[in-house]
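Following this line, the structures themselves.
In what comes next, chain A is part of two complexes: it sits with chain B in the first one and with chain C in the second one.
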Partner chain A sequence: MNYFFAFIKQSFKESTKSRVVFFINIFGKIIFFIINFYLWQAIFNYDGRGVINGLTMEETINYMLFVSIMYGLLSTNIHRIVMKDVKNGYINIKLLRPLDYGLGHLAMALGQNIYSFFLEIIPSLIIAIFFFNFKIYGIFYFLLSFISFFLAIILNFFIDLNFSLINFKFIDTYSAVNFAKSVFKSLFSGEIVPLNFFPQIMQQIFKFLPTTYLFYTPIMIYLGKLSGADIILSFIFQLIFIIFFYAIYKFFWKMLTKSFEGVGV
Partner chain B sequence: MSLFLEYVKIKIKDFFSYRFTLFLFLLIDIIYIISLSVPFLIIYSATEGFPNWNIYELFFFTTTGIITSTLIFTFAIVIGLDITDKIKDGSFDLLLLKPVNIYYHMLIQSLDLRNFFPDFPLFLIILIILYPLVGILFSWINLFYFILIIFISCLIFIGFSGIFISFSFFVPHFDSFWDLFFSFREISRKPIDIYKNKFIVLFLTFVFPFALWNYYPASILMGKIDTSIVPSLVLMAIIFLAIGFFSLKYGLKHYKSANG
Partner chain C sequence: MPDNIIEVKNVSKSFKKYKRGDSFFDAFKSLFHREFERIHALKNVNFEIKKGEILGYLGPNGAGKSTMIKLMCGILEPDSGTIKALNYTPSKDREKYVKNIGAVFGQKSNLWTDLPAIDTFRLNKEIYKISEHDYKKRLDELVELLDVKEIIKSPVRNLSFGERMKCEFIASLLHNPKILFLDEPTVGVDVVAKQNIRNFIKKINKEFGVTVILTTHDIGDVESLCDRIIILDKGVHVYEGSIPLLKKNYLSYKELIVYFEKETKNIELPNCEVIESEPFKATLRVDILNTSISQAIQNLMEKYKVEDLDIKEESIESIISRIYKSEKK
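Right, the complex of A and B next:
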């Protein structure tokens, strides 16, 4: 556990070196605020209904603003790291480390996320509140949504890590697989369009997909759309999916490292 | 010119010799089409959609954007990104050592046809299929303007690449700014007239003109807007190209090979 925190600390320190990147990211977020703000306003005004599939215009705009705020935390570059490690044979050195490969990179990602929370999330939250009428529907729900987002970050990391392992066997096809995974994830996590807008039958299926718990569920908690029991159930589901993807990772990692020659490609 | 054509020929031959890569790129294109069309389909199935745009017009608009982007990425952005990387890792110096014109050398060294094939022909076919579905009344003059605006946007973004490369000579880690640049592109993935905000429209037309990738060519072809804007776009292309060329020249002159 000490090693895990040491990795977080190291990654946090490293992140402080590239402050400009965070300012650029905030600027990027403002652009997404503008897109979502005007886009959903136009859709709702043109449609004429006050409520579409259980969401009002204000709720939908706030939903999309929250997606833009949290987006950076739910995007990893683990696929690039694994690809580089496999291609260049760096993995040999990393295998010597006292911490498991996946957990080590999770710690690094968390360290970076802690830094971007203070330098990116909080400032963009303030901008959203003051310039785009971002509403907090209850401080309790808001805090619970952050817990859900924390679990979503870990879940997202292990989903990405599992897909990254394909690099060990098929390094050339990986770009296509990664792209397909990203598209699937962004469509079915509620990142582009709230899942309420999908047909009813698909919404039932989404309940059993891990992607639902990345954006949609934490934001539904923030909007106060989930009951107490549903919130607890969503946390349980997130934990089950984390354990599930971690177990898959351990299984494949053991199998792949056994046959890996480590000479690079 | 003959050397350049020879180079392109080798690149094409090289690309097609790996049939699996070609299949992979086709697969990526299909996924890309899904990623762009599914959100529109979902929005249009649950709501009335975007004001003044039906779903086929929207697909036509999106496909126009992809066709323009394949050209711009191939002949401007990928070259700009590659040279920025070369400046950063020090390998740009190798380009300076060879006894070939530096601009020409930069172009052929960084030209990557993977953005062109199979995307350009594939999406051109899709655009032709969509044409009757949109119900556009054919007009040679509108078709001419359609091609002209796509060409103008290529020239403008070649100018942009020149400006960005020249910044990389002086600002270490300038590559982060490319990400910012691409953020603006996200706004233009939807027709700019739905934003009902003059600032966004002007910004995406004259400052970071991503609306030239899709909105203006598609709208003119569909007869949604008139052609009065075209002369100002031609002027813009000349200005951006000139700024790009002179800033690149200035950057090269003051390059100290000390980035990293």
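Right, the complex of A and C next:
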């Protein structure tokens, strides 16, 4: 497992090379904050009710602010990496290393996330608290939500990794697959609106969808909406989904690398 | 098989290759229906590689060299036939097997371009589970041999190509591999660096006992390095043996450069072809399959007044290109 940490370290080092990215990211976040802050205020004022689908205006705004803060952690570029590797033949070199392709890239993604945590999440959290009234409902819930987010990052990585294997069979699918996938994911993960806004029947289905555990569950934990038992159950669900998607990846990886031809690369 | 480090038996490999017309309609049609043909990259290939040798694996572009290298590395699986390397079946035991091999593909970098090479080396230390002591010792040796003490500390993208190649070599040798695969290691490298790299390959072969398998288009590499060469064309081995043997078996002519005492025209000699003719000088190609060079010189001396004489052998490059061409008929 040592190599795993070595990869994290390496990737962290690599992320620090660009300072411009840092400022652009923070600037982007602030725009997101402003949009969500005023949009949801307008929605609630128009509606007139104090509570929509079980969330108050303040909770809904904080929900959306938290989404904006954490957004960067839950997006991967694994699809592009696999595409490049397959297209340019770098996959050949990576296959020459005695390690698991997916785990290596997971470690790299985590390394980037550590970088993002310090230079993106914490600064934007501070901005949100001071300028957008971002409220912490309880330090305990807040910390638990970070554990949930941590598992969500891994789960999200393995979901994306599975999609990225399409590259082995069909090249240049980056924009198409990514578009379809992100529409589905952003809708059903609670990234665009909290999942409470969906009809009751769909909410029952959501419990068994992996996407629910990406944004919705961690943020519900942060808002203090889940009981202790529900929180533990959600962690278990996340772990099960992680193992599930890892197993699928392993299966397809074996099959695809076997039939991979890589001519001319 | 204690001597043979790799054994390849009856290996064949084919690929699908999609065909598509160039008209707009063809492009549209290819969305729904695609035609393909099977390309037979390797046909029933057999050979062994002995422990501690430097093998040159040659062939024109598209001959199947890279495919064979990938098969031996375990990246690809043969359609039929077996490959045994270090008692592993590369494609089946890939993760265990690749710990024992190193590879430098001239066109593809193993290094993290934005970081100094030393960072990649440290990462490799963890990937290959090299102990701190072994890592230090090995790194010092390799850095010494290649003289790159300062180079490994600056980001790879700022290095010249030759410097980068040297770092590639270190990265691929840190874990003390038993076999080293080199795919065109000197392509795009200047003359001095080329010489350094060749000397380095010789040294690691002699001192560390690494078996080297080398593909290249540079005949200089072959002549200065390889104990044995295999020439591959259209997926079939067309020659296997040492370079002296290649010369002995395939050398078909020698060239005589003759300087005459006086102006000489219309030279005619049996089994000799005039390639170039100037008033006081001529280049003759002697067909040594039908006559000996001494016989040709004798004939020449008897007929003409010769002042000086040079004998040139056909170059290895020309022999190999002849082998490539003859196979295509």
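As a working rule, the second predicted complex is superposed on the first by the 259 of 265 C-alpha atoms of A that agree within 3 Å, B and C clash if a C-alpha of one lies under 4 Å from a C-alpha of the other, contacts with A are read in each partner's own complex, and residues count from 1 in each chain.
What we mean here is this: a contact is a pair of C-beta atoms (placed from the backbone, for glycine too) under 8 Å apart; a residue touches a chain by one contact, two chains touch by 3 or more.
What you see is a predicted model, and the numbers here were worked out from it, not measured in a lab.
Of the two partner chains placed by superposition, A:126 touches none, neither chain B nor chain C. Look at A:247: by the touch rule set out above, it reaches neither chain B nor chain C. With both structures placed on the common chain, the touch criterion links A:3 to chain C but leaves chain B unconnected. In the overlay built on the shared chain, the residue A:180 is in contact with chain B alone; chain C does not reach it. Counting the residues of chain A touched by each of chain B and chain C gives the higher count for B. When the two structures are aligned on the shared chain, A:52 is found in touch with chain B, with no touch to chain C. By the touch criterion defined above, A:258 reaches chain C but does not reach chain B. In the superposed model, A:92 makes contact with chain C only, not with chain B. Touch criterion met: A:13 reaches chain C, while chain B stays clear of it. Annotation: chain A has no residue touching chain B in one complex and chain C in the other. Only residues 18, 20-21, 24-25, 27-28, 31-32, 34-35, 38-39, 41-49, 52-53, 172-173, 175-176, 179-180, 183, 186-187, 192-193, 197-199 of chain A touch chain B when the two sit together in their complex. Residue ranges of chain B in contact with chain A, taken from their complex: 20-21, 24, 27-28, 31-32, 34-35, 38-39, 42-43, 45-51, 173, 176-177, 179-180, 183-184, 186-187, 190, 194-197, 200. The touching residues of chain A, when paired with chain C in their complex, are 2-3, 5-7, 10, 13-14, 17, 88-90, 92-93, 95-99, 258, 260-263.
Of all the residues in chain C, the ones that touch chain A in their complex are 15-17, 39, 41, 67, 70, 73-77, 91, 94-96, 98-99, 101, 103, 105, 108, 110, 112, 114-115, 119, 122-123, 125-129.
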